[in-house]
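Below you'll find the structures, each written out as structure tokens.
Two complexes, one shared chain (chain A), two partners (chain B, chain C).
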Partner chain A sequence: MNAHGGAEGLTPVPPRQSMRRPPRQSIASWPLLDRAGYLLCWATGIALCLIAVGIVLYMLIKGISYLRPSLLLESPAPSLQQSKAGGFLDPIEGTFLLTAVAIAIAAPIGVALATWLSEYGQSSRLARAVESAVEIIAGTPSVVLAIFGLLVFSQSFLGFLSQNAADGAVTGQSFLTAGAIMALLALPLIVGAAREGLAQIPDRTREASHALGKTRATTIRHVLLPSIRPNIAEGVVLGMGRVIGDTAIVIILLGGTLKTEPENGTPILGLLRGTGSTLTNYVYYNSPAGEGNAHEKAYAAAFVLLMIVLALNFAVTRISGAGNRVDRTGGGWWRIAGAQGLILRLRPAREPGS
Partner chain B sequence: MTDQVTPPPVRRIAVEREPRVAAPTASPNGTTAPQPSASARLRAERPPVGSVRERMRVESVWLAYGDNWVVRDVSLPVRQGEVLALIGASGSGKTTLLRSLNRLTEVTAGAARAGQISLDGQEIHGLEVNALRRRVSMVFQQPNPFPMSIFDNVAYALAEQSPPRGRRRRRRSAELEHAVNDALRRAGLYEEVAGDLDRSALNLSGGQQQRLCIARALAAQPEVLLLDEPCSALDPISTATIEELIVALRESVAIVIVTHNLQQAFRVADHVAFMHLGELVEYGPGEQVFDRPAQQRTREYIGGAFG
Partner chain C sequence: MPAGATHRPVRARLGGAAGADRRTERALGALAALTLVLIAAMIVTVLIKAWPSFQANGLSWFGAGGNVDTQLRAMDEGVALPGHSALYLRAWPLIWGTIITTVPAVLIALAVSTLAAIFITEFAPAPVRGVLEPVVRLLAGVPSVVYGLVAILALAPWIEDHLISEARKRSVSYVVQLSGANLMLAIVILSIMITPIMIALIAGALASVPPSWKEGSAALGVNRWRTIVRVCLRTARPAIVAATVLATARALGEAIMLSMVSGSRGFAANPLDGFTFLFEPVRPLAATIVQESAGLTIGPMSHTLYAMAAVLLVSAAMLSFAGWAAKQPLKRYGIRA
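So, the complex of A and B:
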């Protein structure tokens, strides 16, 4: 090893030594139980890949073979003849409207909750209680949440939120009530992502702000929240995925009308108080298990649903990649986060490409 | 692999120090220092200061975390027109004393204080804490720019609480732009970043980041600037730049610097305070503390560190 000790001039290059790793231990030498376990891990991994590929391929073939442009552009119509029963424009609209309502409720509350937990509550008893509450909501099956929502929103004093029957009975079913319960699905994901972001900000950043004579509130508003925008966006997109994919809440709280049916009255409020459907329950109704019994349309709608969710997953990957970069002021992620940025009134630090 | 290097035996430096200190102590006028000539030259070249004026006064201050008194009965003046260096071993209470000057110790639970600290004759506990921190600002050991653009970092510090609206370039007021540029100029960073103030502050080098933090601290026109080992995370060139900056700034702002680097203290400080285990052992002009320390403990510390 001490061959390179040139007395004068350049140090001579030491002889090259191979850095090959020792050969891997053969599995054959492992105990039988370990070998069986290893093979099981291997087999499940492969099986999972096959299932994922299977879902995408099957839906792709089925979906594309049944998907017609007209399906995306026509409203569902009540008809026994499938050719006249229309497409699923309304369920697509409903999916987006319901998601927007849910996120508009969940994002501000989730970020506020995360900020309070991380910056104020910390290890207080109340904070721990809030954490448990968030976990309970995260663990509750959505059908339970839906039934609970129906119970709450069919109270007569909350009748202004939903479409009421002709005799004045409160149904508790509308985009607003379904969105409010859907927000509970998204909330834990947004809280978790925002708290993770806040935990990543070193304390010296907070200290620097306090040392400049800034209050805690100013520090949160102008330093901490802008830095965790990628995390918030990630939580929001994950939450959107949950909302878009849920069926139980739609069936129980959105009224089960395939067509979007706004309540008479003011245009936007009427729409929000109206009933409708989403892609998930359109798939359910048209599947062989449902009433519509038009499985071609169910496949086509399921394909569209899968594409939307896959696109969201892709967005999450992009966003978390951007969030892990040291520089959070650059462009990129915020294009996706832009809508949420508007809701939260957080402006990006610089414009793209400036 | 047989000829593994054995680490050198640990030296008990304290024992060896004393003879080395004895020589400079004997020097008659204190102009010759035991430091390498570069330090002495930088010290000699420091621009003279017009007037010296007392801004803060620390009187019989005791500071505690819980039941543990970490600063015991310290009295010091902090003057504009000079740099005060706090030196001492780790755990001597220097940083705690520094942080108490803008009440940043209060962030820690269980912190307690006795004695008086005044700013321009007013007891600092009588002042609103955020107003105090705008007048007595601080730069930390690790450069800690905010994850925003260079411009926004300084603009954030300029505003009393919320930065002005319309931070984007085309909507910035000329007044704001001027104030930000001025702070960057005072911190000696303007020339390097003038081309693109919208760049992220996190893309700057460590030395530039620290000067940005100084610019940020200077933006609100404070009376006192506290520096907590500002160069310990930086390379020698950045350190030299910041030392020159500190010396130049002392004309307009009172500076207190905590440092473990005695050469640095010698280069930049007009007055030096040596602390040990929470007590102020020695306070005096830099030449006196480094060349003719009055206390045995100061002699040991300085001798050991220079040896």
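So, the complex of A and C:
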């Protein structure tokens, strides 16, 4: 390069044509292998849509054709005749009750953990260990969590949490114990979402609060937590999705009794100490793999389950506003991955615009 | 690092407020430490509970020998098999079942999700892209029991009627009965289940490749496909490895769907049977735990099931570590890992 570069560019006026942009490279000019790859990409994309549409349509048709209002309003009854076996009112209630218990446990703990990790622990060794612990929970199969829970909660000193068998043995099975283990499923999602929110708050917000003489604790309580409310909500909804979709923990820790069976005693505590079932468990029970083996009811229950999941999906989209934001770093994709509790810290450090 | 990482608040005043501040910090720190203790306790208790089973069988726990279903039934009934201890188990068919469902499913999902992620980030027109994100989100959110139900009620009968001939059934009838619920269905449904997660991770990584790198490659006259393969995929390689590892962990732990569609027999499907191999039933470890969970109160059975859980837990932890290691190079590209 020399200083006259600019001047040289001016003097020999090149023919106008060569200055024009070359025509957009067409796929036809690519080598054969590249074109094959391009077509494969399109094929997989379309196949993906077809599979999703197929599953949703299939469930929609089966669900609508088998779903009767009576199914939603009747309790299940143990009967060999399908007409007498009732509906799935109890599993629906069980689903909501179990989710409520799990979130009631997971949300405060998750937010507290995220706050400590982001605001206090930061890069200390303990913080890194806790981060890994949360990742280990996220990676542990739910069936392993379930049988660990059974082991813990069937200890006799924890007997007050669950339904006890006739001979006084502690079963470890109840809405409380199942909810506690379900909380472990939701925990990584809530921690991840809350941390993401805290990381997005600029330092100047904290500094302004400190400059006004507020302590860290007050800043967190009155400045930081209120402003990450949408993130916490997103984490909670994602956590609900995980809890509602899980079956293994219900089978092992909720007793898998079709009807909600409260333990004798005080009304609410008795219900929480009692056993029951959820929609996932009901679907499993009525599938060919279970004992009930009533396909029409399984389809109807699965349809209701899918509708709940769709509603939660919609809620997440609304909360995170993913639909109306131009996102150049693929933020939406990281969010889907995060929604699986799979990855907590693998996201672009900053969105480019911020 | 989080944005708050670098600053320290002013500790100007001591006294009430600062004391409360320190108490909050201690309380939250204690909770964090408690989480850590809980996880450590989980790993230790599962291993302790599993130990008798490993001790009774030694390393042959992982080996082949006899019919694993017979061994489990003996434990369930509390009658030891003649000549063996109550804890006698040779879990190879279950481990093999886990391997031959997980590995092919992950390989299929890897190929499909890479192509799909390229399609979404590079080729798909904007409206299609707008549709695909919710589609992937939906597929990732469908509960596994729904996948299992659709597979067992819609696909299994079709496979049984159209793909498995009578001659094929007869050819192996002296060892195992073939049905629509089999290895092939398990692999297909498992790969459908883990693909969305992998797509999300790979698409996220592809979308965060700096545009200038792609432009640089295009300016050198490289066509778009080669640019994608040589520049974007290479940059996203750590994310692809991480996605594979995490999806493997997911597949290993999948219990409900697999117990519904895998045919649920502790049978070591034999690849030497040719195509028939794909139609043989299997049962992975996680599915076994769910199916035998009624026996968790019976001594020998519970030790055995916790031993299976320990194998899964250790594999998942190792995969977690591998995933962490794979993420490290991403830091260089400004991706917080």
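Keep this in mind: the second predicted complex is superposed on the first by the 294 of 354 C-alpha atoms of A that agree within 3 Å, B and C clash if a C-alpha of one lies under 4 Å from a C-alpha of the other, contacts with A are read in each partner's own complex, and residues count from 1 in each chain.
FYI, a contact is a pair of C-beta atoms (placed from the backbone, for glycine too) under 8 Å apart; a residue touches a chain by one contact, two chains touch by 3 or more.
Here the structure is a predicted model, which is why all the values come from computation and not from measurement.
S.K.: On the A-aligned overlay, A:312 touches which partner chain: chain B = first, chain C = second, or both, or neither?
M.R.: A:312: touches chain C, not chain B.
S.K.: Where does A:222 make contact in the superposed view: on chain B (first), on chain C (second), on both, or on neither?
M.R.: first
S.K.: Return the chain, chain B or chain C, that is in touch with more residues of chain A.
M.R.: Chain A has more residues touched by C than by the other partner.
S.K.: Quick one: classify A:212 as touching chain B (first), chain C (second), both or neither.
M.R.: First partner only.
S.K.: So in the superposed three-chain picture, is A:48 touching just chain B, just chain C, both, or none of them (first/second/both/neither)?
M.R.: So A:48 only meets chain C here.
S.K.: Does the superposition put A:106 against chain B (first), chain C (second), both, or neither?
M.R.: A:106 sits against neither chain B nor chain C.
S.K.: Taking the superposition as given, does A:134 touch the first partner, chain B, the second, chain C, both, or neither?
M.R.: The second partner, chain C, only.
S.K.: Can you pull the chain A residues that chain B and chain C both touch?
M.R.: 202, 207, 210-211, 213, 215, 218, 327-330, 347, 349
S.K.: Once bound in the complex, which stretches of chain B touch chain A?
M.R.: Touch list, chain B to chain A: 1, 3, 102, 104, 107, 129-134, 137-138, 140, 142, 144-149, 152, 156-157, 160-163, 167-169, 198, 200, 202-203, 213, 216-217, 220.
S.K.: Which bits of chain A are touching chain C when the two form their complex?
M.R.: My answer: residues 25, 29-30, 34-35, 37-38, 40-45, 47-49, 51-52, 55-56, 58-59, 109, 112-113, 115-123, 126-127, 129-130, 132-137, 139-148, 150-152, 195, 198-203, 206-207, 210-211, 213, 215-220, 241, 244-248, 251-252, 280, 283-284, 287-289, 295, 298-299, 302, 305-306, 309-310, 312-313, 316-317, 322, 327-334, 336-337, 339-340, 342-343, 345-349.
S.K.: Show which residues of chain C lie in contact with chain A when the two form their complex.
M.R.: Per the touch definition, chain C meets chain A at residues 1-7, 9-10, 12-13, 17-18, 20-21, 23-25, 28-29, 31-33, 35-36, 38-40, 42, 45-46, 49, 112, 115-116, 118-124, 128, 131-150, 152-154, 181, 192, 195-197, 199-201, 203-208, 223-226, 229, 239, 242-243, 246, 249-250, 252-256, 259-260, 264, 286, 289-290, 293, 296, 305-306, 309, 312-313, 316-317, 319-320, 323-324, 327, 330, 334-337.
S.K.: Touching chain B in the complex: which residues of chain A?
M.R.: By the definition above, chain A touches chain B via 1-2, 202, 204-205, 207-215, 218, 221-223, 226-227, 326-330, 347, 349-351, 354.
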